[in-house]
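Naming follows writing order (A, B and C), and every chain is counted from residue 1.
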Amino acid sequence: MRRALPAAAAIALLLSPLLLPSEFYVNIAAQVLIAAIFALSLNLLVGYGGLISLGHAAYLGTAAYLTIGLVTRAGFGQLPAALCAVGLATAMAAVFGLLALRATGLGFLMITLALGQILWGLAYRWVALTGGDNGLSGFTRPAPLGLALTSPRAFYLFVVAVFACAFVLLALLARSPFGAGLRGVRDQPRRMQALGWNTWLIRYAAFVIAGFWGAVAGVLFAYYNQFISPHVLGLTSSAEVLLMVIAGGAGTLLGPLAGAAVVVLLKNVASAYVTRWVMLLGIVFVAIVVFMPEGLVPGLSRLRRRRRAAGAA
Amino acid sequence: MRFWLVQSLNGLALGGLLFLLSSGFSLIFGLMRVANLTHGAYFMLGAYVGLSVLNAGYGFWVAVAAGAAAIALLGGVLERVLLRKLSGRTLSQVLVTLGIAFIISDASLLVWSGDPMPLPMPPSLTGAVAIFGGYFPRYRLAVVGISLLVAVLLWLLLERTRVGAMIRAGVDDMEMARALGIPVPRLFTAVFCLGAALAGMGGVLGGPILSVYPGLDMDMLPLALIVLILGGAGSLPGALLGSFFIGFLYTFGQALLPDLAYVILFLPMVAAIALRPKGLFARAA
Amino acid sequence: MPMRAALILLAALALASGPGSAAGKDPVRVGFLTVNSGALAAGGRQMHEGLTLYLKQHGNKLAGRDIEVITLDTAGQPATTRTRTQEAVERYNVHVIIGPLAAFEALAINDYVRQAKVPVISPSAAAEDLTQRNPNPWFVRAVGSSAQFNQPFGEYAAKTLKYKRIATIGDDFAFGHETTAGFQRTFEDNGGKVVQKLWSPLNVADYGSYIAQIKPDVDAVYASFAGANGLRFLRQYAEYGLKGKVPVLGNMTTVDEGILKNMGDEAVGVVSSGWYSAAIDNPDNRKFVEAVRAAYGADPGYYTAGAYTAAMFLDLALQKVKGKVEDKEAFMKALRSVHVENGFRGPIRIDEYGNPVLNVYIRKVERKDGRLQNTVIQTVPDVSQFWKYQPKEFLAQPVYSRDFPPAKHLEP
């Protein structure tokens, strides 16, 4: 019963954008949640696993390309295309993980970066398959169970449902023995090994699961934009999601959501009021490091605790 | 025959440029374990500063010195104020260095406008030399020479001076160095300034070849990262060899395998790291 | 706690809900999609300058109605472009969109624009299929398509300059592919041979290794570069001693006025083709160039002229519907039937696909009054995107790309 109230409040909060008069903000909210799923997936790797990846956009991008390409170019149905997209992208994560986990730290960062860039180069050059830098378009959103997703509000409901699934499942994973083991391997790999944990296997599993959820975000991304081009596989994309995770609070559950909100809102909403929004974004990041080095969410809850303690005193 | 000769020289020239770009990066990461993702922005800002100095009527070498000095100052201030408290905290370092890179990049757009601008070459180095029936730009040969000179000077600094010994001690074993009384914080700031100066200088020296434009920072950063990982962090010979290796690989790779031009650097890198995670040219642990 | 957060969030969003429609006579709202950051920022700024100048010259009033421009930064990313377009339509209720800058941005919003039925005037995006195999009834282009201003050039190179063997080098992306393809097709149709095709990545560090590959015995090099790359290529081309030896034929953006001002001797003598030159010798253009120089201190090029033309189209269409931009169908019809008798670019009219039929100018870079300019050496009038080919046959073939038309005369 104690858990039900915050859960209900969270659901109400998630559904609140549906009440907004302008459809534009509903669309922004959908973008925030899609970015949040993407950030949640990377958070598993970076926050809980301590493995900094600069190539996570590979999974989002591949899944998005497959979703749109299979439907528009190969005549697949929507559901088979989505399943293929997630499946193949996850399989790719399984292969990439084998390569990337041969190194740690900077080496890991560089391999993920390199793999991401290789995919980007492929998307750019393999014009017959990917449309090159012109990309693929002409994609219509699916209608799962007969409900059309063309209207922003219907689409937003769909995204909320997927986000809620992702959040709950990843939260359960984080709180499970697997999650504890992953954090242990992040902090004290040698000790964990001495205790009998297979450190490589845990990291590998985290890598593949992160790839899976990145792919899910990719399918949603394809549905939202109805267009795909190599930009999504670029270094900027991977760097952006990494920044979301760190700024929001790596290793926390709400951090990725906060980080996603900050970046998406600054890019799409603040830029209407502030021409130099890129500089503003940089300043926000520096400010977070200075005032809340663990991230927005841990920093804010620290402030709240301090105020409560001061109030109680 | 001419093809191989000219492309070899191109490879050397590109390698020299990469060494100027990445030597500072390697030094900073090697000693302080700070992934200074602002490095590309330092390179670009150095080029812009050099451009302004040149437009004000001063000579090329003055501009080089000005670029180095300006970025050294900026780097020192940022290290002291922001990065010092973040030792060991990689995630915060990534966030803050990228944040600073965004700020520098956007501010540069404001100050210098977004028009791409070439840096004029020093008059003594313009023109081409005739080599075996072909031509090769004099300036690029000079870049090779300058990068080798910088490498030698850095080597002398590291191997033959007390400061250099302290730096090497720090790279090898930070705890021990501290226990021996080495003033680690001041050393860090000094190294960071040096690394930033190298980046700024590299920007001005690269300017006549690359020009300066918004986006130069993000075009150069991955290259610096590649050299770092191939050469091994903190290893000067590694950075030198890594730079020239990349220069040759890139030049010959895209000439002989044009279809792979986009991935020519990354495919071997994945192979290299998968085989030797500590770096191709790193010293044995 | 979540309750309070929810309330604050709702309140904030409600406050920021954007302007409602004002009572009385509404201004015509124009959504201006541009780029304010990164490598494309220079072009974005020039587009802004062109648009602003036209509006200023007309007292910010076209066809008797005030014009409100809402500038939206797309960050040069397709996803952001789509979001800003949605913002323009859903939040600001714009009547027309001018922009975006890049071809891939235009393709990203193509479907949305069709759904939302909002008129788009493109001041810059040159992608061929937007007005060929994937035409959008809500789209009209104010500038030529990529191949349009290169097809006359291929013929010129073969028949007038009498070149026989040419090597091409260009940016490895759609604009580079399409422009080179247009040139290659007409050049080879008129007896020329493209013996070498090189492609350099868009953000390549250095052109040295590409220049070293260019065959030394070709008659000329056709170089198709955009953004800063034309400047860098020509400089390095001169450094390698090729400048006097093998002439360079440029694409319009290789020697665009926007970068020409920062170039030196390395650009002198480069012959190029385009739908504009700041040196076009007619009274309207002279006035235009003077105005741009006075306001912005530089000559107008691709982006400035493109945006100025887009504003001109808006003006002409608004006049035709007597300011009633709310009748979308009629306004779009007016846009599609815009006819400029004689403007600063010469006559322009729109074909049935939404693409302009315009003059193409063959230009040569010369130094005049201490600055570089693209002197017009020949005017090719009435050029359509199909050149002399039949539209049906043209469209039946695949779109111009890296491999089409196929290069049959390449030498190893």
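For the reader, a short list of remarks on this structure follows.
Keep this in mind: a contact is a pair of C-beta atoms (placed from the backbone, for glycine too) under 8 Å apart; a residue touches a chain by one contact, two chains touch by 3 or more.
Note that the structure is a prediction, hence the values are computed from the model and not measured.
Taken pairwise by the contact criterion, the protein chains are fully connected, each one touching every other. The chain with its Cα centre farthest from the Cα centre of chain B is C.
Between the Cα centres of chain A and chain C there is a gap of 35 Å.
Between chain A and chain B the centroid-to-centroid distance comes to 32 Å (mean Cα coordinates, whole Å).
Multi-chain contact residues of chain B (touching two or more other chains) are listed as 105-106, 262. Touching two or more other chains at once are residues 124-125, 236, 278 of chain A. Counting partners per residue, chain C has 37, 172 as the residues that reach two or more other chains.
Against chain A, in their complex, chain C makes its touches with residues 1-3, 5-6, 9-10, 13-14, 16-18, 36-37, 72-73, 75, 77-80, 82-84, 86-87, 90-91, 103-104, 107-108, 110-112, 127, 129, 134, 172-174, 177, 401-402.
Taken together, the chain C residues at the contact with chain B in this complex read 37-42, 44-45, 172, 198-201, 203, 205-206, 208-210, 212-213, 227-228, 231-232, 235-236, 239-242, 258-259, 261-263. Every residue of chain A that touches chain B in the complex is listed here, in rising order: 46, 52, 99, 102-104, 106-107, 109-111, 113-115, 117-118, 120-122, 124-125, 235-236, 239, 242-243, 246-247, 250, 276, 278-279, 281-286, 288-290, 293. Touching chain A in their complex are the following residues of chain B: 29, 35, 82, 86, 89-92, 94-96, 98-103, 105-107, 110, 218, 222, 225-226, 228-229, 233, 259, 262-263, 266-267, 269-270, 273-274, 277-279.
Put simply, chain A touches chain C in their complex at residues 6, 9-10, 12-13, 16-17, 19-25, 27-28, 31, 124-125, 127, 132-135, 137-139, 221, 225-227, 229, 231-232, 236, 267-269, 271-272, 275, 277-278.
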